[in-house]
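In what follows, chain A forms one complex with chain B and a second complex with chain C.
Now for the complex of A and B:
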C-alpha cells in the first residue's frame, strides 16, 4: 500500500532548492572567469575545460554503472568538479592532464566513498593534489604568458605567477647576505613592482592557473551565489581575514607588520578557493562556530605554506587539510540542545 | 589438519596483507619497487619460518606470562642474522630497505603467527604455516610493488616497460600511492568475496 503523502520526520522545509539548482548556479557563477581565461591564455583553455568536464562525467557514469547505483549525472556535480579542476591547472599543461585529474578526483575523491554527499574531501582538489604530486613540473611551470597584460614586465619573460616571483624574491631579501648587492637591489625593485600591481591583480591580467587570476570576476560570481544563499559569508570572510592579518604581520621582509596583505589576497587561488571550494556544502562544517573555525584554519595553513612551505601556493592543501578536520570540528562545536 | 590446507591458507583466505591486514608498515613503505618487495619478502619468509620453528620447539618450556618478550628475543635474533647477511652480501638492497629490515622485529605477522599458531602446533606444521604465510606476504608485496613501479617509474624490476613518451605518475612511488594501491586491491578482493557469497547463497 502506498501513501499519497510523503511521511518524514521534522524539520519540514518547503523550498525549491535542489542539488541541481545549486550545482548549476555555481557553474554559472564560475563562467565569467572562464571566458576571461580564454581571452587571457588563448583557445587552449576551452579544450582543457571540455576534457576535464568530459572525463569527470564519463568517470561518474562508469562508476555508477559498475557499482549498480542510480545514474545521477544530471545533478551537475561531476560537471562542477571537472570545471573546478580545469580552473586549478595552468593553461600550458598537456591535454591528457585534466582528464587524469578528473578521473582521480571523481574515482578516488568521491565515488569510492559512496558518491555525492559522502566525500570527505573536495573531489576537484583531490584531483589537483594528485596532479601536483605526480607531475610537479607541469603543474608549477606556467609556459603561456597572459595575453597583453603583464605584471609590469616581470612575468613577460618567465610567465611566472605573482606568488612564484614573490617566493623567489622573498628568499633573496631574507638571506640578503648570501647574494650580491646587485641581486638584492634588483629583488627589492621587483618586490615594489609586484606590490604596486593591484589593478592587474584585481582584474586578473597576471599569470596563474586557468580560473584563479581574475579576483573581480570571481567576486561578481560569488556575490551572485551569496544573493541566492548558496554560499555563506562565514567561511570566505574568515578565510580572507585570517590571510590578511597573518600576511600583514609575518609576510614582510623588514620585521613584523611590514607585509602586504592585499597582494596576498588578490594573488594566487585565494579568491577561487575561499569562495568556491572552501564553501562546498559536503566537506565543510555545518555549525556557526564550526564554519568560523574552518575559515580561520584554511587561512592559517595557506599562509604557513605560502611563507614558509616548499610550494609558492597553499590554498588547495589548506582546504584539503581542513576538509579532513570537518567531522572533528562539527563534533567540537555541536550546539547544546535547548533546555538540555 | 592437512599440510596442503595449512600451506595454502596464507595465499588467499588468510593472506596476511590483504585479509588479516597485518604488517602493513613495511608493505606500504618498501613496495615502491619490485626489487625492494622481493628483498623484504624473502627476509620475512626466512625470519617467519625460523622463528616459527624455534617457538614451536620451545612451546612447552616458555612460561606463558613472559611469552611475548621471549618471542621478541627469538625474532630479534633472526632479524639480526638477516640484517647482517644482507649488509654483507647485498649492500645496495640493504641501503634502500634501510630501517625496515630492523623493523621486522615488530612486524605483526611474525609475532602473530608465533602467538596464534607456532605456540600451539608441532614443529612441522609451524614450518608449513610460516612458509605459506611468508610466501603469501611476499606475493602480495610483489603485486603492490608491480603496480607502483609500473605506474610510478615506468619500469618493472628496473627494466623500462613503456616507451619514452610515458611520463611516470610520481605519486605512486610516494606514500599516498601506496595507500591508494592497497585500498583498491583490498576493495577488489572484498568485492570478489561478496560476489562469491551472493552466488553461493543463490544456488
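Now for the complex of A and C:
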C-alpha cells in the first residue's frame, strides 16, 4: 500500500551540465595550444604544466583539509587554474616558479575567500601577478626561441617577443630626435616587418608565454566553448573590439588613426586573455550590460598599459582590475524585470 | 521570421511521446473519493454535509465562503464517511470529505432550463461559479473571478492557453484533439462574458495536429486566431503567453487585466462549456499519467477526489519499487510521499519517475555562470536572490524583486552547480511574509 517514494523539491529534471563538465571543457579547449607549445618550446613545457597543475591541486586539497571543507578537487577548477598559470609564464622560467605561482594563486587568490565561487579575482592571474612582481626578470625575459622561428616573429630579430619589440621601436620612433637617423630608419624597417608578420602571429610562430602564442588554436578552442555555451560572445568580442579601436586610434607612430590594430590583437596574451580568462565565470559580471562593460574595460586597460604603461603587455593586469569592479558592475547593471 | 515567444526560457527534454498519441480513457468509477475543500486559490469551501449523509453525483458538498472561493461537489454518489484532514497534493494535510461510492453514479439533476443563448453574462458567470470551476492549467484561480474584471479595465483579448509547456504532460493536447468544438464554444462563452472582441488560442508547435485542427475549426471566425508558439519553457506562463500573443508586458505586480487580457486554459474552456450549457459541475478532469516509472502511460478522464493509487493501478502499476511520484509536471510539480492523495481540480498530470532517473547531485557553490540570469523569464537575478536568502538577507532579496518570481524552476533546471535556486526563492518569500 504505502510506497517508499523518493522526495525532492521541484524541478524534477535538471540540465546535465555541471561545474565539472564546464571546467574540463575549458581544459579540453586549451589543450591544442598546450600541445603546440610543446612543439614550439620543447619538452620543458610539459614539466612546467605538470608542476603548475600539481601545485594547484595539492594546495587546494591542503586548504580544504585545514579548513575542514569538502574536498572539491574533482570539479577541475584547480587543474584549470594551474594550467592557465603555466600558459601565462615564459617557457624559460625556472621550474619552481609555476609552483610558487599556483600556490599563491590558489591560496591567496581563491581559498582564503572561501574557495570556488567566492574568489573576487582570477586565481591564475593572481598567481601570475605575484610572480611578475617578485621575479620580473624571469617573467619578462624570453630565452627559448620558438621552433623554426624567432621570438619576435621576424627573421632578422631574435631579441624579444613581438610586443617587446613593438614597445622598443615605438619609443624610438616617437622620440626620433633623441636617436640617430640610422637608428630611426632601422626602427621603421623593423616596425613594418613586425606589422607584416601576421601569419606568424596568427599561427603562433613567435615568442611569448607558453599558451598565448597561437591565436588560431586558441580560437578553435574558444569556438568549441561558445558552441557549448560556456563562454559568451559579449566579453571577448567587446574586449577585442575595444583593443582594435583604441590601438588603431592611438597605437601608431604617425599621429592618430595610424596604429595597426590587427598586430595588437594577434600578439601577446590578448586572445588567451579575452577568450579564456576575461570569461572566467566566477569573477565576471552576470548581467548582459555588465558583460559588455566588462569587456570594454578590459580592452581599455590593456591598451593603456601596452601603449603608455611600463610593461609591454597589459592583459593580465587589465583583467585583474576589472575583476575587482565586477560586484559594482553587477549592481549597476541589474536587468529590468519583466514588466518593471 | 522567428516564431512568437518571450525572452529567456529553457528547453528541457519534451518527453511528450509517452502519452501524446493515446486517446483519453475513462477511469472506472472509483470506490471512494477524497474531496479536499481547498482545491483553488482563495478561501477554502465550507463543508455542508456531515458523516453519514447520502450524496448524489454533482451535489454541492462544500460551499464557496467568499468571492474568491469555490464550491466543491460530490464526484460520485454514495455516503459521506468522514470530514477530516487528509494528505493533500500540496504536501500538508487539509480538510477533505470522503465519500464511499454506491456504484450507481446517480446524478443530482438540475431543472431543465431555458435557451442558453438567452442567458445574461451574470447568469453565465453564476453557472461557472456554481460549477466550481478553477483554472485547470494548474494555478487553480477561480474562473468566475478572472471573468469579473472591474469596469475600468476593459478586456480586448481572451487568450486560450493550449501551450502545455511542462514536459511529459499531454492532457491539454489530447483534449484539444478530442473536444475542439466544446473548447471553442467555451472560449466564445467567456469572450462574451468579458465583451472581448478577440480570442487567441496559443499552442506550442510541438502539437501541430492540434494547431491544424483548431485552425480548421476556426476558419470561419474572424475573431478567433490560433497562434503557433515556439517550444520553450515556460511558454505557458500567463505573462509569457500574453507577451508572445500580444506583445504586451504585464507590469510587475499587476494582473493580465491591466493590459486588457484574460488567459484561460483549454481545459477550463471545456469545463465552462459544460457548466454553462449543461449546468454540469466540475467533477472530473483529464489527467496525464506518465513517465518512466509507470507501466502503461495514459491520458485519463478522472473523477475529482480519486486516489492517485487507483490511477496508478489503472495504468499498469509502477515499474519498480523505487520511484518518485509527482503531482503535476517535472518543472513545477510536487513530489509526494504517498499515493493516497486524491486527484484535485489542479492535477494536470501524475508523473512517475524511476528512482534511477532522479537527480541526486550534491549542491555546489554558485560560480556566477549567469545561466539563470540569462534564462530567467521574469528577467531576475536568481543567483543573487538565492544567495541573499541563504544568508538571511531578506531585505536585499526583496530589493532584488523576489516577489516577481513566478517559481517556474527554470533557474534550478539550468544551474550547473545544481543549486536549489527556486527552492531558496520560495523559502525567501515564506520568510519575508512571516516577518
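Everything that follows uses one rule, which is that the second predicted complex is superposed on the first by the 316 of 340 C-alpha atoms of A that agree within 3 Å, B and C clash if a C-alpha of one lies under 4 Å from a C-alpha of the other, contacts with A are read in each partner's own complex, and residues count from 1 in each chain.
To be clear about the criterion, contacts are C-beta pairs under 8 Å (C-beta built on N, C-alpha and C of every residue); 3 or more make two chains touch, one makes a residue touch a chain.
Owing to the predicted nature of the structure, the values given are computational and were not obtained by experimental measurement.
Novice: Touch test for A:310: chain B only (first), chain C only (second), both, or neither?
Specialist: After superposition on chain A, A:310 lies in contact with neither partner.
Novice: A:255 contacts which: chain B (first), chain C (second), both, neither?
Specialist: neither
Novice: Looking at the overlay, what does A:118 touch: chain B (first), chain C (second), both, or neither?
Specialist: Only chain C is touched by A:118; chain B is not.
Novice: For A:130, using the defined touch cut-off, is the partner it touches chain B, chain C, both, or neither? Pick first, second, both or neither.
Specialist: The first partner, chain B, only.
Novice: Among the partners chain B and chain C, which is in contact with a greater number of residues of chain A?
Specialist: C
Novice: What part of chain A is shared between its chain B contacts and its chain C contacts?
Specialist: none
Novice: Show me the residue ranges of chain A that touch chain B in the complex, using the header's touch definition.
Specialist: 100, 108, 112, 130, 133-136
Novice: Which bits of chain A are touching chain C when the two form their complex?
Specialist: Residues 1-15, 17-19, 21-22, 72, 75, 114-118, 229, 281-288, 291, 330, 334-340.
Novice: Quick one: in the complex, what on chain C touches chain A?
Specialist: Contacts found on chain C: 10, 12-13, 167, 239, 243, 249-252, 254, 309, 318, 321-326, 328, 330-340, 351, 353, 355, 358-361, 364-371, 373-374, 377-381, 383-384, 400-401, 404, 409-410, 412-418, 420, 422-423.
Novice: Given the complex with chain A, which residues does chain B contribute to the contact?
Specialist: Residues 167-172, 174, 176, 180, 183-184, 187 of chain B touch chain A in their complex.
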